[in-house]
Amino acid sequence: MATKKTFEQSMERLNIIVDLLEKNEQPLDETIKLFEEGLGLVQECDKQLKGFEKKIDELASKKVEE
Amino acid sequence: MSQAVVKVSTLVSYLKSKIDQDNYLQRILVSGEISNFVHHRSGHWYFTLKDEASRLSCVMFSSSASRSKYYPKDGDKVILQANTSVFESSGQLQLYVTGIKLDGIGDLHIQFELLKKKLFEEGYFDENHKLEIPKYPMRIGLITGKNTAAREDVVSTLARRWPIADLVEINTLVQGEAASAQIIQAIGKMEKEEVDVLLLVRGGGSIEDLWAFNDEALAKCIYHCTIPIITGVGHEIDTTIVDYVSDLRAPTPTGACEIATPDQEDVKQNLALLKQALIKQCRSDVEFERAQVNRFKNMTWFISPGTLVDQRKMKLDYISNRLQIVSYSSQKKRIELEQVSQNFKSLVSKKLHQVGLEVQTKAQFINQNVMQRFDRENKKLGSMIHLLDAYSPLNVLKRGYSITSNSKGICTSVKQVQVGDELTVRLTDGELITKVNRKESRHGN
Amino acid sequence: MATKKTFEQSMERLNIIVDLLEKNEQPLDETIKLFEEGLGLVQECDKQLKGFEKKIDELASKKVEE
Amino acid sequence: MATKKTFEQSMERLNIIVDLLEKNEQPLDETIKLFEEGLGLVQECDKQLKGFEKKIDELASKKVEE
Amino acid sequence: MATKKTFEQSMERLNIIVDLLEKNEQPLDETIKLFEEGLGLVQECDKQLKGFEKKIDELASKKVEE
Amino acid sequence: MATKKTFEQSMERLNIIVDLLEKNEQPLDETIKLFEEGLGLVQECDKQLKGFEKKIDELASKKVEE
Amino acid sequence: MATKKTFEQSMERLNIIVDLLEKNEQPLDETIKLFEEGLGLVQECDKQLKGFEKKIDELASKKVEE
């Protein structure tokens, strides 16, 4: 699910989730769902970002090789 | 006089160095009239340049003089390109001429001004019409004379600055009557060649030499040309009609090439800078996002999600404790029950006690009442006995009286008795049974 | 005759007798009869009172015994 | 006779007896009879009260045993 | 009879009994009857309360075991 | 019954129960029933919270493994 | 892709890309795409610039022929 989101959409959703968790007014089931979703998004974002970081490093270092 | 005294050579040498160092005095353009012209056998030209007020001695060395298309004569009004210096031997200020041309308005000059005015009025010099020069031309057209210095300048400049570009060259006449027609034709070919920019260059020369570039047809052709054209005709001082109509005018052929091309070193540097900017920008963007992601990663919820439950746990514990109030409920009921139970027990025993007392009181009353009654009756009876005793008819017997009775009763008269009768005489302590022996009546009765 | 009278009747008769004896207007034999009657009544009443007393004592003591 | 009466009837009768005795208008025989009756009633009431007390004690102690 | 009553009904009846006893208008026999009834009710209520307490203890301890 | 309720519904019901118990106006039987229900709800809620914690731990540990 | 662009278009595009990145208004995914594209353009341009030596030889020979 989260994989189809762009990084920004994921981050935006994460902000909403964190706000909701902070307010902690939603029912327990909802909290679980939010937590799960939030965790997934964090992982997804982290993964994406790591991919980006790797890609940048690769591309930047490519210059040296040539 | 305490000032130092210098030798004249020292002063002159000092003056020369001062002037030589002054950039304003180098490669200047000066106008004036020629006089005392001498063509030395060494090839150098010596003359004086004068005007109404001043004069200066000039020298034009053979290296420059030999290239000049113009041959001066006294009285000619000229424009010189020259460096100023001091000739040390004579201590004279001198112009070292590098270029010379006729000044003053001749026929050609009049034609030039007329054409310039006409084309200007017709809008051929309109800035808005001028095409933009591409920054990075990859195909550069060059129209110039064959084997000319101008061509060499362009080719060498191009090789130095922008060797990437393809050079498309068309050599034409650049002088004489046929020149402008050839140039027009060349421009047409260049349009077909689809070059990015077109250089039209020629070295310096007299107005006559450059006249081909003051051609109206050529000017209109340049105006209509779809390729941006840079002109570099003559030297700085030379201006032709094509310079006005072209999209950009360079002072020299070299200048034209320089304008038309970027310096490859600049481009390489620029490219390196752009690449750095790209990487830097992208890195900072990713770093920014990394900070955001890490912020989320490090949030309490994700590190210790238990906090999400803690609040609820506390609430539950609290409410669970409050449930224990139920034992208070039974305690309260028990107290209530015991109160009622005690209450009614004490009421019952109170009642029993009260009733018992009542019964006792009544019993006592009855006893007392009855006893009193007896007392009273006893006393009453006692007084009766007393009275009866007091009035007893038998009391007189004690004093000696007696009561006589016969069978008929008490005898109160002798007449009631007959002699011989048996009479009972009652005394206080008994009776006498007697017999009447005789009777005696009393008188008076 | 007197036994058939109540205590109160006897006491009344006794009163009358005492009154008559006080007045002393009747003949002696009558007086004696009255006196004798009075004596009889006194004895009767006394007997009754004694009987009552005995009975009260009995009842009272009976209560105590119980 | 008195045993068939309720406690209150007995008490009522006792009250009447006390009143009669107080008025002191009845003949002596009657007094005796009233005395006798009254005493009987007192005993009867007393007996009943004792019975009640016993019963209450029994009931109360029964509670404790349970 | 009392067993079919709820605790509250029993308490209500007990209160009525106390009120009646306080007014003190009923005959003694009735008082005794009320006493007997009241005592029965008290015992019944006590039993119920004990049952209640026992049940609460059971439930509470059950919770702990789980 | 309680299993079909959400945590929040259970908590809401618990609040109502505690309020009722505090007011202490319901009959004793009802009190027991309320207490029993309340205790059941507490256990249910506790179970849910524990389940939630377990799930969260699972999710969190899963995250670490990745 | 970049090869079909003229050097000038590439440079222009590169400048636009750097400007866009500097403004930093695009989502991260877009940033990466821009980065990739920009780097491609840099390499392409670089390649063209480096290719000049070969070309100058050709030019030199061409000149001779004329």
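General observations
Lettered A, B, C, D, E, F and G in written order, each chain numbered from 1.
To be clear about the criterion, a residue touches a chain if its C-beta (ideal position, glycine included) is under 8 Å from a C-beta of that chain, and two chains touch if they have at least 3 such contacts.
By chain, with names taken from UniProt: A, C, D, E, F, G = Exodeoxyribonuclease 7 small subunit; B = Exodeoxyribonuclease 7 large subunit.
Small disclaimer: the values here were computed from a predicted structure and weren't measured.
Taking each chain's centre as the mean of its C-alpha atoms, the one that lies farthest from the centre of chain G is C. Taking A-B and B-C together, the pair of chains sharing more C-beta contacts is B-C. Our note on geometry: chain C versus chain F, Cα centroid distance of 101 Å, whole angstroms.
Averaged C-alpha coordinates give centres for chain A and chain F that are 34 Å from one another. Between chain C and chain E, the centres computed from C-alpha atoms are 67 Å apart.
Averaging Cα coordinates per chain places chain B and chain E 72 Å apart. The multi-chain contact residues of chain B, meaning those touching 2 or more other chains, are 275, 279, 282, 286, 289, 302, 305, 308, 312, 326, 330, 333, 345, 348, 352, 355, 370, 377.
Across the assembly, chain D contributes 7, 28, 32, 35, 39, 42, 49, 52, 56, 60 as residues in contact with two or more other chains.
Residue ranges of chain F in contact with chain E, taken from their complex: 27-29, 31-32, 35-36, 39, 42-43.
Residue ranges of chain B in contact with chain A, taken from their complex: 275, 279, 282-283, 286, 289-290, 292-293, 296-297, 299, 301-302, 305, 308, 311-312. Only residues 367, 370-371, 374, 377-378, 380-381, 384-385, 387-388, 391-394, 403, 405, 409-410, 412 of chain B touch chain C when the two sit together in their complex. Listed in rising order, the residues of chain B touching chain G in the complex are 134-138, 155, 159, 163-164, 166-167, 169, 171, 264, 267-268, 270-271, 274-275, 277-279, 281-282, 285-286, 289.
Looking at the complex, you find that chain E touches chain B at residues 7, 11, 14-15, 17-18, 21-22, 24, 28, 31-32, 34-35, 38-39, 42, 45-46, 49, 52-53, 56, 60.
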